[in-house]
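One chain, chain A, appears in both complexes that follow, with chain B as partner in the first and chain C in the second.
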Partner chain A sequence: MHNFLAAYSWINIRFLLIGLGVTIFVSIISIFFSSIIGTVLGIIRYRKIKFVSLIVGFIIDIIRNVPLILVIFFTYFGLPEIGIKTNPLWASILALIIFESMMIAEIMRAGILSIPKGQTEGAIANGLTYGQTLRHVVLPQAIKNMVPALVSQFISLVKDTSLATIIVLPELTNHAQIIYGQNTNYTIPMFLALAVMYFIICYSISKVANYYEQRVEKRLAK
Partner chain B sequence: MIEIFQNYGSDLLYGFGQTILCSVIALFFALILGSIFAILEVMPNKLLQKISKIYIEIFRNIPLLVITMIFYVVVPMYFVKISGFVAGTIGLTLYSSAFIAETVRAGILSVDKGQMEGALSNGLTFKQSMRYIVLPQAFKYVIPPLGNQFVNLIKNSSILAFVAGFDLMYEGNVIAADSLKSISTYMCIGVLYLIITLPLSYYMQHLERKLS
Partner chain C sequence: MPMIEFKNVQKYYNNFHALKDINLTINDGETVVLIGPSGSGKSTLIRTINGLEDIQSGQLIVNGYDLLDKKTDINKIRKDVGMVFQHFNLYANKTILENIMLAPKIVLHREDEENKRIAMELLEKVGLASQANKYPSQLSGGQQQRIAIARSLAMKPKCLLFDEPTSALDPEMIGDVLKVMKEIAEDSSMTMVVVTHEMGFAREVANRVVFMDQGTILEDDSTEAFFKHPKNERASQFLNKIISHED
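Our next item is the complex of A and B:
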């Protein structure tokens, strides 16, 4: 019990919260950019443009089937070899963006495919351009279908930020390791704190998404 | 790349073997655990439902790294000494079992309710109707998403690199540090992972298309 009280002193908690801040910062930036890139790649793959779609599809399949840790190592240790300087923060953000945008691209493509073809044909027959059709007719419906998959992808992105510990990104897991590295009595309290903090973030993301989904459904039902 | 394969072939092969071994063990136990918790969650008993829900939510919302590190750091400190490989495999099993449970549960729920009711009213017990009526039908729908979970599991087995599990990723790091050729080493590692995961995920896509 004494260990717990000592482990959760304000200095340690503050140190953990700083780590949590880095985790959230990295997550938000990665979610933002990978959503944009993923959407674009998903549409390219869906549209079947000659060669381009094939190459994009190939790259998506390759990166999706490789561990994220490999991508992180690649951006941190591989890029300097060809003359691009990186630091842990940007290397891990870059790796997360690359990996997650491929995941989101695949979700996006599946979402667009789930919309009946008649919607596109109807919109085009009504005189909308292809871009307008996508933006005003297909994507709004597709995104509603994709919300569950997207949310679980975002949750796994938040969890995956912990992997960046391996290149010493000063995020939550790393800070916890530093604390229990100095005093092994703090090991269990630190892991408990880690588990609770990650759980709260991830669980609340899924709860908020659920709430939002139900509200949208209610509004549609009216 | 070829140079790496020539110079470090045995290390790569050893790592490849460890990755497959860990994945297969974790897969086996995660399937069992996952199915158990999935069935518990659709049982009529409220308490069992709650227990399995808590289990699933806990392991779904905590990073794999944290779970694995608990087994690598905390367990040897206070309980028994276990190697990195074992710790990694246990962590991977628990983490994957939660996702597999969710997948199997979705499969069971996708079977029409009338099937269960019909079986029960025909005099089968809950266990029998689960075993002979619902699960065989659920199995069909569950295969593609389960396959995707397997691919995830294989990718996640790279967590062993954190706990000195001597898997593919770990060997890759050692080789990269030794040969000073990170890009080609990591490409080799990537190719080796793709050899397992890519055929599996293409086959699952094929199955999915066939089902729909």
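Our next item is the complex of A and C:
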């Protein structure tokens, strides 16, 4: 019991919260950019544009089937070799964006495939261009179907930021390690604190998504 | 003036020869009914008119645009050529009113107020003004099909294509849809191409009947001549079967 009280001193908690701040910052930026890039790549792969879709599909398959940690090694250790300077923060963010974009691209493609072809034909025959059809008819419906998969992916992403501790990104897990590295009695309390903090963020994401999903469903069921 | 002109059109799905040497001219304001057994190519043929299916050779000119010409902007054709599908294809994420207003808004840039006025007029015309704020899934098939017709009309097209518009409907719904289609056909400026098995509708409304089988046009005749004395034997057999079934 004494361990816990001492472990959760204000100095330690503050240090963890600073790490949490980095985790949230990295997550938000990665989620934002990988959503955009993933959407574009998913559409390109779906549309079967000559060569381009093949190449994009090939890249997606490679990156999706490699562990994230290797992508982090690539952006942190690999890029400087070819003259691109990085630091732990931007190397982690870049790695997460690259990796998660591929995941989101596949979720996006599956989402578009889940919408009946008639929706596209109806819109195109009605005079809409293919781009307008995607934007006004297909994507709004596809995204609704994709919400559960996207939420899982975003939750994974938040948890995956902890992998960046290996390149000493000062995020939540790294800060916890520093604390129990100085006093091994704090190991269990730090694990518990980590679990609680990750849980709160990830649970909030799924709650927000649930709320959004229900709102969309209500609108459609009216 | 011809609205639609097929000249020696060939269409293949890989090795399958779906349309064989099609020659067909449909003039402005004409109502032409396409009939034939299933798999005869009539749906494929109507879908080539607005480019939902591509053709491999020959010439297809719609509203003055050559569909095989790479410079042709297919969207320009689709603006003036509406289509009504067997399964309605209303936008599931939009209300009835939004379904009708979407294309005029983003393709024709029609003002909101005018757009809504026109949409409501069309809803009155198809007898569904009270359903304006519902979603497609809340309506019956027959109602959805009338909305789909209204949606096509909102673009003020010169030509409407109907691909088996009543085949997916309950029998008691068919009448309402055919009634709306008859009203459109009475408007002499509208060109209509209709793939259907509704012989009553064909007899009453069509100027011409085109009979297809195995990707070929076997007969193209005035409605009266076709129903009295089909020249082609295959057409005559088909007609006998359908009519004895209707009785």
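Going forward, the second predicted complex is superposed on the first by the 222 of 222 C-alpha atoms of A that agree within 3 Å, B and C clash if a C-alpha of one lies under 4 Å from a C-alpha of the other, contacts with A are read in each partner's own complex, and residues count from 1 in each chain.
Assume contacts are C-beta pairs under 8 Å (C-beta built on N, C-alpha and C of every residue); 3 or more make two chains touch, one makes a residue touch a chain.
Note that the structure is predicted; figures quoted are calculated from it, not measured.
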Partners on chain A (chain B, chain C) - clash or fit: fit
Chain A as apex of chain B and chain C, Cα-centre angle in degrees (nearest 10): 100
First, second, both or neither for A:141, with chain B first and chain C second: second
When both partners are placed on the shared chain, which of chain B and chain C touches more of chain A: B
Touched partner set for A:128, first chain B, second chain C, both or neither: second
Shortest span in Å between Cα atoms of chain B and of chain C, once chain A is used as the common reference: 21
Doubly contacted residues of chain A, that is, touched by chain B and again by chain C: none
Residue ranges of chain A touching chain B (in the complex, touch as defined): 61-62, 64-70, 73-74, 77-78, 81-82, 155, 159-160, 162-163, 165-166, 173, 180, 184, 187-188, 191, 194-195, 198-199, 202-203, 206
Complex interface listing, chain B residues touching chain A: 57-58, 60-66, 69-70, 73-74, 77-78, 151, 155-159, 161-162, 169, 172-173, 176, 181-183, 186, 189-190, 193-194, 197-198, 201-202
Contact set on chain C toward chain A in their complex: 50, 52, 75, 78-79, 82-83, 85, 87-94, 102-103, 106-108, 133-135, 137, 148, 151-152, 155, 161
Residue numbers on chain A that touch chain C, as the complex places them: 118-119, 121-129, 132, 136-137, 140-141, 144, 220-222
